[in-house]
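In what comes next, chain A is part of two complexes: it sits with chain B in the first one and with chain C in the second one.
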Partner chain A sequence: MKTLRVIAVGWLIHFKIMSRSPFAIGVGATWPIVNATLAYFMYRAGGYPQTLLYASLGSAVAGIWSMAAIDASGAIQRQRWWGTLELLVGAPVPFALVLLPMAVAIASAGIYALATTLLWGRLVYGIPLPLEHAVAFVVAVPVTIASIGVLGFALGMTLVRFRTASHIGNSLEYPVWIASGLLFPLAVLPAWSHPISLALAPTWGMRALLHSALGGRAWLDIAICLGLAAAYTAFGIALLERFMDSARRHATLSLT
Partner chain B sequence: MTNLRIFFVGGLISYRALFNWLNPWIFVPTLVVGPIFQVLFFAYLGRAAGVESDRFYVIGNALQLAALPGLFAMTFTITGERYSQTLGPLLASPANRAVLFLGRALPVSANAAAVCVIAFVGGAVLLHVTLPAASLPALAVVIAATAVSCTGFGFLGGAIGLRIRDAIVLINLLDAALLIFCGVNIPLESLPDWMRAVGEALPVTHGLAAAREIADGATLGDVSHLLLAELAVGAAYAAVGYALLRYLEQAARRNASLETA
Partner chain C sequence: MAAVIEAHDLKRTYKTTTGVVRRKPLEVEAVRGISFAVERGELFGLLGPNGAGKTTTIKMLITLLLPTSGTARVLGHDVEREPREVRKRIGYVFGGDRGLYERLSALDNLRYFAELYGVSGRRQRERIGEVLELVGLTGREKERVEGYSRGMRQRLHIARGILHDPEVLFLDEPTIGVDPVGARELRATISELVRAGKTLLLTTHYMFEADTLCDRIAVIAKGSIVGQGTPTELKSGVTDGRVTEIEVFGVDDAAVERLRAIDGVTAVAVEEQEQKQLLVVQTTGARELTQALLTELGGASVGRVSSREPTLEDAYVALVTAE
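And now, the complex of A and B:
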């Protein structure tokens, strides 16, 4: 019960912080519209207007990943700047339980991207959202956000030694958009990159949203998203424990 | 002599501070990895959409990427001073403002041109795009002109940064406008008339048209009108941005709002 409360309260506080961030709202919610507009014009010029819903959902998932890549990767560094890192590490709850809801809350700000992109598509381009499997869609949205948030957490733990983690995370924005096939099918990518694509939560989150909207095996995609989220969590926690152990032994928590 | 020192030394120090004293862990991810993957992303999107060739996207995105340092770095030359709490002393100094800001623009222009080249070469190598060797010197001139023009556009960002704390939000929108309106990834003829008209008034549009004509075999003389138009657009934005900077600086003095913006 205590664990659930830490996760819930942590998520709520950080989601409120993100919701008041001009960058998260101003940029996070508008860039997916830019991507959707670009994809719309490009697909229309190429004679594929039927792919507009695909572009719309893909842009929204891209927005969720952008939030995670930029903000979640620098989560520890940000606590360091705020002077709260030592307090959080010293708290009597596992540090992972503090960081995980933080990363998921950052990705959750992507809900604004999803809402604005779908609304933009509907109002400006008249793109309908069919929702063949409405229940699956309602489940797919939080699962996609959570799995991408946890991927951000794992990325943050991978980059924990770098002061410039958020810059490195920022540079991974386009690579994951490409590898996840968010705005174009994976078939246009070279075959060697497909295993990378299948290991990324945005790939399956996008499929879950698309299949639940247009029809298809949405529940399988959701299950794979959850499985990947569990794997990212285990990986991230293992790295975090090593980092914490090293920081305590060398007294480098605030210096790394 | 003092003005020359402010122009060169001040500009160089500001540029080094911008990248945390040229830390490669910031420079490489931001200005090497990101730009190359932007080229790849739109090239693959173009393949899926079935419009234009890889060369179209390599040239388009490489030129547009001049705006990355041009817009963002010029904005950070002001907002960065606020973060490091040196904005007040800087503006209290008797330094000539035109020299001060132009000195900061010089390394940013060079950086913008370098990012263009990096994106161009990286994209071309990875996507197997080739250009006639004879076109490269003319292309270099176009890249330099576009870099200068985008830096001129960045003066607007600097001015906005003087008044608004989260200027980065607006700068992102200006960057997005370049991607949508300038024919970077969407052929201009596919855009509605009003969008094309907006594109005419933005940097990158004319430079990009010149670069594409040169890649198709035109000479520098053939595209001189486009280059002049590109430079004129950049100069106009620089003039407006500088005037706005001066106005907002005086307004900040009157209202004591320099640090509270």
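And now, the complex of A and C:
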């Protein structure tokens, strides 16, 4: 109960911090619209108007991942700048309970990306959101956000140890878009890349949203998303203490 | 009775590199084997110039840095092997603007850290009210921190540091950059914490502050402790004579060296003051050396000359400038 409370308050606090930055929200909400617009034109030009919803949802999930990858990287560095990283690490709760809600809160700001992309598609291009399984869609949204956020958490712990690791987040943004089938279906990717795609939460989040909108095995996708989130969490927690010890040994918690 | 804070031969080395293409490893010894003990209810001061190793020492004691060698215990818990046990029982406050969430209110800042420091949900509201009252921020807690003055931020830092009612508090330059009135209020808060039975370790650059607040002081220079004792002991131990201050215009290094060579002179410090310099000369014994000092200054133009009792600052300067 106490653990859940720490996670909930941590999420709320970091979501508040994110939501009070008009610039972060502005960029997070408008950038997916640019991506979505490009995707709509590509799919239209290719003569596949029925896949416009795919472009819309793909851009939204890409926006959530971008938030998680880039902003999670930036968030740890910002905590350094703000001088709060040492305070967070020095708290008696396990650091996983600090980092996990922070990463999920950042991914949660992707809800703005999802909302604006779907709205833009509906109002400008007339793309309907059919919602075959409305309940599954409502569940799929937070599950997708949480699982992508947890992937950001696994990434974020390297940033505690290495001051310049924020570049990892930046360099992973586009490859994950491609590997997760957010821009085009996985079928067009080479077979060797499929295991990588299947290990990524955005792949299953995208499928969960798509299947709940158009019909299909949405609940299975949601379950896999949750399973991956649990695996990332276990992996992150297992390595985090080692990273923390290393950060204390190499003095990388502060700016200097 | 065991000491609350114990440091034994504590060392910390930072490893870095120099050069771009052919990188050479470089080791910086920030703390070179320091030992001290702080008793329960004591306010212990760590004084030293910038880069002396004060903050590194504090960071080892609060478990944010691992010592390269040596041991340290806080309330009987080893800082290296039992970090969580130490963290539960200590609070720490860093000076300066950083360390707060600017976009949040003071209340949100305190709520978050109360959660991280295990203050139960039921107790939180009451405890936050108590600490806000103690630091004088009651009524301002719903404002965003970005609108706070330096002094208010520093008081909020202290409120955050004592939320979980820790037995031991580490204060790293808590009054730095705070105006005199704000600094006085902070000192009053610190005194109140001592009266409440807390054990405090304080670092500061302000001698007056250390003299007023600290029960005992350790002076650190270049990573080593060069003096330790009560403020009175430090003052009398380092210079049992007098301090002569001489205003001069255009004194050169050779003249300063001649002053240092005078029998009975223990330290000479030069303070640059716009167009003039202030020579602070410490002497031992009862000998009157003013005439000898003026003679060695040669042709330098001399202004006001005065003599006074040594202060903690004189003792500090003598300790950190001693070879």
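In the analysis below, the second predicted complex is superposed on the first by the 238 of 256 C-alpha atoms of A that agree within 3 Å, B and C clash if a C-alpha of one lies under 4 Å from a C-alpha of the other, contacts with A are read in each partner's own complex, and residues count from 1 in each chain.
As a convention for this text, a residue touches a chain if its C-beta (ideal position, glycine included) is under 8 Å from a C-beta of that chain, and two chains touch if they have at least 3 such contacts.
Keep in mind that this is a model prediction, so the values were computed, not measured.
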Next on the checklist: Clash or fit: chain B against chain C, after overlaying the two structures on chain A?
Outcome noted: fit
Next on the checklist: I'd like to know which partner A:27 touches here: chain B for first, chain C for second, both or neither.
Outcome noted: first
Checklist entry - Does the superposition put A:5 against chain B (first), chain C (second), both, or neither? => result second
Next on the checklist: Going by the contact rule set out at the top, does A:13 touch chain B (first), chain C (second), both, or neither?
Outcome noted: second
Checklist entry - Between chain B (first) and chain C (second), which, if any, makes contact with A:252: first, second, both or neither? => result neither
Checklist entry - Across all Cα pairs of chain B and chain C, what is the smallest distance in the superposition, given in whole Å? => result 9
Checklist entry - Can you list the residues of chain A that meet both chain B and chain C? => result none
Checklist entry - Once bound in the complex, which stretches of chain C touch chain A? => result 14-15, 59, 62-66, 83-84, 87-88, 92, 94, 96, 98-104, 108, 111-113, 115-118, 121, 160
Checklist outcome for this item: Note: in the complex, chain B contacts chain A through residues 20, 23, 25-26, 29-30, 33-34, 37-38, 40-42, 44-51, 166, 168-170, 172-173, 176, 179-180, 185-187, 190-191
Checklist entry - Tell me, which parts of chain A touch chain C in their complex? => result 2, 5-6, 9-10, 13, 16-17, 20-21, 81-84, 86-93, 98, 245, 248-251, 253-254
Checklist outcome for this item: In their shared complex, chain B is touched by residues of chain A numbered 22-23, 26-27, 30-31, 34, 37-39, 41-48, 162-164, 167-168, 170-171, 173-175, 177-178, 183-185, 188-189
